[in-house]
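Per-chain residue numbering starts at 1, and chain names A, B, C, D and E are given in the order in which the chains are listed.
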Amino acid sequence: MARAVDTSPSSSLRQNPWLRRAVPLLVVVVLAVLPLVLTENTNDTLARIGVFAVAVLGLNVVMGYTGQVSLGQIFFVGLGAYVTGYGVQQGWNVVLAFLAACLAAAVAGLVVALAAARLGGLAIAMVTIALPIVGVPLAKRLSDVTGGSQGLSARFAEAPEATGLYDDQWVLYVVLVIGGAVFLLTRALVRGKYGRAFAIVKGNEAVASSMGISPYRYKVLAFTIASLIGGISGFLYMFVIQYTSPETMSFGHSIELLAAMVIGGAGSIIGSLLGGAYYVLVPELTNQVDSSLTALLQGVILLAVLFVLPGGLASLLRRLTRGRRRSGAGSGAAAPPTTPLSTAVSGTSAEEPGKERQGHA
Amino acid sequence: MTLLELEDVTASYGPVQVLEGVSLSVPENGAVGILGANGAGKTTTLRAISGTVRAGGRIVFDGKDIRGLRPDQVAALGIAHVPEGRGTLGDLSVRDNLRVGAYLRKDRKGVAEDIDFCLDLFPNLAERITSNASALSGGEQQMLAVGRAIMSKPRLLLLDEASLGLAPSTAKNVYDAIRKLRLTSGIAMLVVEQNANLAFTLVDSATVLETGRSVLTGTSAELKGMDEIRRAYLGG
Amino acid sequence: MGTFVQLVVDGLSTGSVYAAIALAIVLVHQATGLINFAQGGMAVLAVYIAWWLTTKDVPLILAILVSIAFSIAFGAVVERFLMRRFERGDPDTAVVVTIGLLTLITGVAGWLWTYNNQQFPSLFSLDTVNFLGVSVSQRSLGTTAVIIVVMVLLQALFVGTKLGLALRAVANNPESAAFSGLPVGRLLMVGWGLAAALGAVAGALVAPQLTLTPGMLDNALVYALAAVILGGLTSPVGVVVAAWLIGVLENLAAVYVSFIGYDLKVAVPFILIFVVLIVRPQGLFGRKTVVRV
Amino acid sequence: GREGGDGGDRGSGGEASPGITDDSVTLGISTPLSGATAGPGTCTVAGITAYFGMKNAEGGVEFGDGKTRTVEIEALDDTYDPQQAKANYDQLKDDVFAMTAGLGTPTNRAWRDAAIADEVPQALIMTGDPLFSDPEESPWQLGFVPIYQNEGEAFGELLASSGQQHRVAILSQNDDYGEGYVEGFKSAVEGADNIEIVEELTYEATDTSVDAQMTELAASDADVMFNAMSLVPLAVSALQKAQQLNWTPSWFLPSNTSSPGGVLTPGGATAFPGVYSVAFSKAPAGPAAGDPDVVEYLAALKQYGDYQDPPAFPHCQWSWMVGATLEQAFGEMTEPTRENFMEALRGISGFEAPLMLPDTSVDTTEAGQPAVSTVVVQKYNGKGYDTVTTFE
Amino acid sequence: MAAELVLQDVDLQFGGIKVLQEVSFTVEPGQIFGLVGPNGAGKTSLFNCISGHYTPTAGAVRIDGTEVQGARPATLARHGLARTFQHPALQLHETVLENVLLGGHSRLPGSPLAWAVRTPGTRRAEKDLRAEALDLLERNGLAWAAHLPADELSHGLHKGVELCRALLMKPRLLLLDEPAAGLPHAEVEQLIATVRRLRSEDDITVVIVEHHMGLIAALTDRVVVLDHGRKLMEGTAAEAQSDPRVIEAYIGKDAADDAA
């Protein structure tokens, strides 16, 4: 059998149990030290990446993994931000504000999903796009709570005295801890039982249901989780940006989140991170190049990235580590057993095409 | 006169090479079968001919090397492929599927006649003529796929398990009709078929594939006489 | 009463603006199976070209014709050199590519012609026609008439012609269509070209009213998409009717349903979509797709 | 910011703030340069860039400390997204001496707190939000354009003093912009028994059409239309729709949608008995075209502002005036520090910036008011505007 | 453990099309039951009615005495019904093993939160299920393919993967839709052995739709022949094969002669 067994160095490196344990440790250490050594500006940028990486991660849960095109993710980010901002202004404890943001977004997501998950395909896209589109005037209408079109400021990100940290370092640490936890939990969730269920709901609802997986319930579940994660992202948004207004949830941002998700890599955890980075860094980059041509440059970059990597940035990583699965299967074993004809008859009359002309004419 | 000649054809999906040298030839107006276990490369061989998988070696149709042509260019030369699985356009009605089959033809009248011919051959389709193809039963979809191929009036018909999911009598009718087409219109065919008993009612000769190689070629009679073939493909 | 009828008529003429873009979206979807977010952007580009020509003293009608010709070529080029790479892949990726294209086109238009508002001359006069105490501008009537003509043509294309059949076949399953000898690539280019041409017509119709800017159609796009989903992706007649329905109901809801008002009237099309699609998932006039197990 | 805590020590030290050297000073702008508000946003950059481009070409700007510096502008695009504006600010704050001229309420609010904490000036920005002109709340901020209330009020006062009965219809943008105008207008006509507001509607900035609103307003048969609208396309189509409905009231438009070429001509404004607006800057078209201020401005805008067309938004003029006002402040600065700059900035009064209309001036000393708080009411004359003092 | 299945006067219509009309039969616990008939007779639709993918227009479907028509497929699946599809529907980009693991979904305990924090319970359950799935693949001769993406398998093997997926559900009632389609003769023999073992070792009731009359004859205790949505006859496979009506409608005269 010609099935090539890949034994490239990258795949064998990843097989090494020591390395597999050492790499996460190294990552944690690096993340712990980085905020201390980086400049304020870099820390700010990293924190913002964290905010949007979490938002994209939520979108990935509902769309990348479960296949429901959601154009409403930014609404939940906005909702989380508003609830946080409101809570802080009312003098709530920050933890309480965090929980409230999560809860509000999750409950709103649940309610929307109970209705929207009955629809499929593009219909769900249109119903979810309504969230930001209606959310903006709604936020204005509820100006007593939201501050109307002038928005809501909340400063609650000062580093506690005891830590001896600068504000930007403190902010980044908080983003790293919360964002990191969300990423790890989500990663585990989309690997096992629920990940498989989400994937089959995306792939084939009829099959899903015949496996005991109610597509409706799992769509609602995925949507709710995505909203919850959106709410967390909203909390972080408020923590990092310290301001929100109706413009936060303008539907253009929802579409940008979608683009970031696909560019990072749909259905990929690391892709969510890359998507968040894309969301934050590309506008900065294009601003550096020529701030009057940002739209043009962003369009070019988006198209160029996808043209080279249709599977998103994460597919680059995946490409580098390909073959790992094959070699995991054990070399030699990966060939189908076939009817043992060749040993018995090969050679006897093979490659004698002359004979086939003897048929009817 | 050889219509189609495969010489040492190789093919791969990405890095995985699955055909390692398939050779066979189909004479003008001939009918050749391909036998082989699951995964032997039968489907891939047909796909190599119709241009849906990248192939190496030589694939000569009517004196012209067609390797590297796009599927629609191959079809335009008169090769119709009934693919494995659902070979229909699900969102189009049964009639539209048949009309698409005749896309390359310019003779309006002939097309209308051939649609009637297909509906005669497959009464099920006549009953569901305005239904979306995706609403049809598995067997009905298979009928439609065959019908679509017939509609194009090909010179060479590539049949990939055309009897899959067909009731025994229907399968037999289809093969009878194809045999008749061969007599009346001079179509040649290359037939992949797990139901070897059925296949041998149609083909004059067959090639046996094993892990991407043609290991054995012979006339129907020769092959039917071989123990291994009987045990693996014919039963009894 | 007079106001009520006038509001209905206003809604119809606003709906016609949505319908114009919606038709182009339907065409590209029928021909390629994609939702093209850049449809509006491509239309704006065409209008800019026509506008630029009129500033060079080219007669309006000629300028529009040139922009249509340009659009056919542009649509085909976009398909051939950009979309083709994504046609076999994940549809979400292709949609995001069209979003990127929209960003790029908007950027290019802003760069070449600035973000200033430009007045694009109208094919129809602004004079009004009065009947039943209601006044409508000739421009609205003209726009609506053109849209009805385009709608009929599209319906005829898809139902009656071999080209329409081939376009649908390719959109449904390119690989399978190729087995019947359909030149998939060329048909996709034709589909994009036609849709872009239609977009150019739509753009030229609505630009005088919306005022030409690079983002002219951004807000209308959402409504157009709503009309497309509501009317049924496969039905030109359906989307036009849906667009009108949206335009009218939105106005009536804003005026007569107090808790909606002008700020939340934008919710109307989405509520409508939700209610209708629960009952008819294929949209008002769409052809039902059957997914069998 | 990391400097946040130690700002106090630095106050009197005289050590130079970031973004300023002995021969140059850098100003930062975050404003929309793409997206729906890119038109006016681009203008805000073009005007000030043109102004300092011209000054730099003349050798630079003279500062109060005796040094002559060239002025560099670093403008970033925020697409009217608060988050992006904050990011732009974060990126610029260590490199620029002061932030200025940026357009937008939410975008400027997004980093207001941070600017206060970092002690970075957010000077002469383009928003009529009163918050920025409250020195208690916003020590490092100062708005440039009149607060929205002032503009509405000016027209309201004119109307109230007309001596005739007026029925007013209001159509306003559903945000602080529209609300501010309406609030100012109402406070001016409050108690005036000759004014009756007969219908009041709003629209969203994302709407494609205001036909329905116009139909409803026309049915009210008002003789004055107070139209607090910031979007050019909608302003044009509102004027057109009113004519189609045969409703031709006197019309009020705010300063940023009253461009004769961009709005009134296409809108067919001559059909109305009077179209009024408020302004503090000369319009480059119309009667003022021959004015030497205008000539100089238009030439510089082309040459240094990279802005080829005649400006369709007043923001180009306004940011030109921002440039002049900044120059005025620079001239009073004795130390190259941000603190000193703010002090100097807050000490300008009676400054008639170029392009300013008679009876208006820059006055930064009045608490609760932006740099420009005086406006005059103008009336369209078919080509440009004439200042009026009575409503007829 | 094996389930009893009773259909009583089941009707099914789509628009004007009568797909099933008054179909009644009983499958005893532990039986291997055949369902044959010409194309479009309604066999797959009948499966869909049993598994909940379609709701009969009229009539009753009872599993172990409980009426289940109208119940959701997922509910039925959790109560011990498993099926394969006429057109295999695998997750093509997932590995074969992942595809099979899907069958064990309902048997895995734990809330989303438990899986997100990877409690020891969920880890153990996952590990056990993997072992079980690999064992099933092994027994069906597919262990070599466990870690390949499903789309790298040839078409004929997809049926086998589907069967493993269904078996991992530990069903009491198993519906197989044309399991032998696309298999060469030798593999059909294998399949027959596998299904026999299902009955004897796992105590499952099996209903099979199949056009492969050899398989039907070898396996089934009883068959129902459908034609145009109606029950044409019921009896043993041998009775069916010699029934003139069945020969006329389904097997074909020549084919019957050939077989004879």
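Rule of thumb we're sticking to: a residue touches a chain if its C-beta (ideal position, glycine included) is under 8 Å from a C-beta of that chain, and two chains touch if they have at least 3 such contacts.
Remember, it's a predicted structure, so these values are computed and weren't measured experimentally.
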| query | Using direct touches as single steps, what is the fewest number of steps from subunit A over to subunit E? | reply | 1
| From subunit A, the most remote chain by mean C-alpha position | B
| said: I'd like the Å distance between the centres of subunit C and subunit D, where a centre is the mean of that chain's Cα atoms. | reply: 36
| Distance between chain centroids, defined by C-alpha means - subunit A, subunit C (Å) | 31
| message | Based only on mean CA positions, could you tell me how far subunit A sits from subunit D in angstrom? | response | 41
| said: Just the number, please: Cα centre separation of subunit B and subunit C in whole Å. | reply: 42
| field | Residues of subunit A whose C-beta touches two or more other chains | value | 133, 137, 140, 206-207, 210, 252, 292, 294-295, 335-336, 339
| said: Which positions in subunit E are in touch with at least two other chains? | reply: 44, 53, 85, 89, 157, 184, 186
| task | Note the residues in subunit B that touch 2 or more other chains, in rising order. | result | 16, 37-40, 135-136, 232
| field | In the complex with subunit C, residue positions of subunit D that touch it | value | 34-36, 38-39, 41-42, 174, 201-204, 206-209, 211-213, 215-216, 219, 232-233, 236-237, 240, 243-246, 262, 266, 268, 308-309, 312-313
| message | Under the stated contact criterion, what part of subunit E meets subunit A in this complex? | response | 51-53, 72-75, 77-78, 82-83, 85, 89, 91, 94-95, 98, 101-103, 105-106, 108, 110, 112, 115-118, 122, 126, 141, 143-148, 157, 165, 169, 184, 186
| field | subunit D-facing residues of subunit C, complex | value | 2-3, 6-7, 10-11, 13-14, 17, 106-107, 110, 114-117, 119, 126, 128, 135-137, 209-211, 213-216, 218-220, 223, 250-251, 254-255, 261-263, 266
| remark: As the complex stands, subunit A meets subunit C at residues 63, 69, 115-116, 118-120, 122-123, 126-127, 129-130, 133-134, 137-138, 140-141, 206-207, 210, 251-252, 255, 258-259, 262-263, 266, 292-300, 302-303, 306-307, 310-312
| task | In the complex, go through subunit B and note every residue touching subunit E. | result | 13, 16, 35-40, 43, 84-86, 124, 127-128, 135-140, 142-143, 161, 164-173, 194, 196-197, 231-235
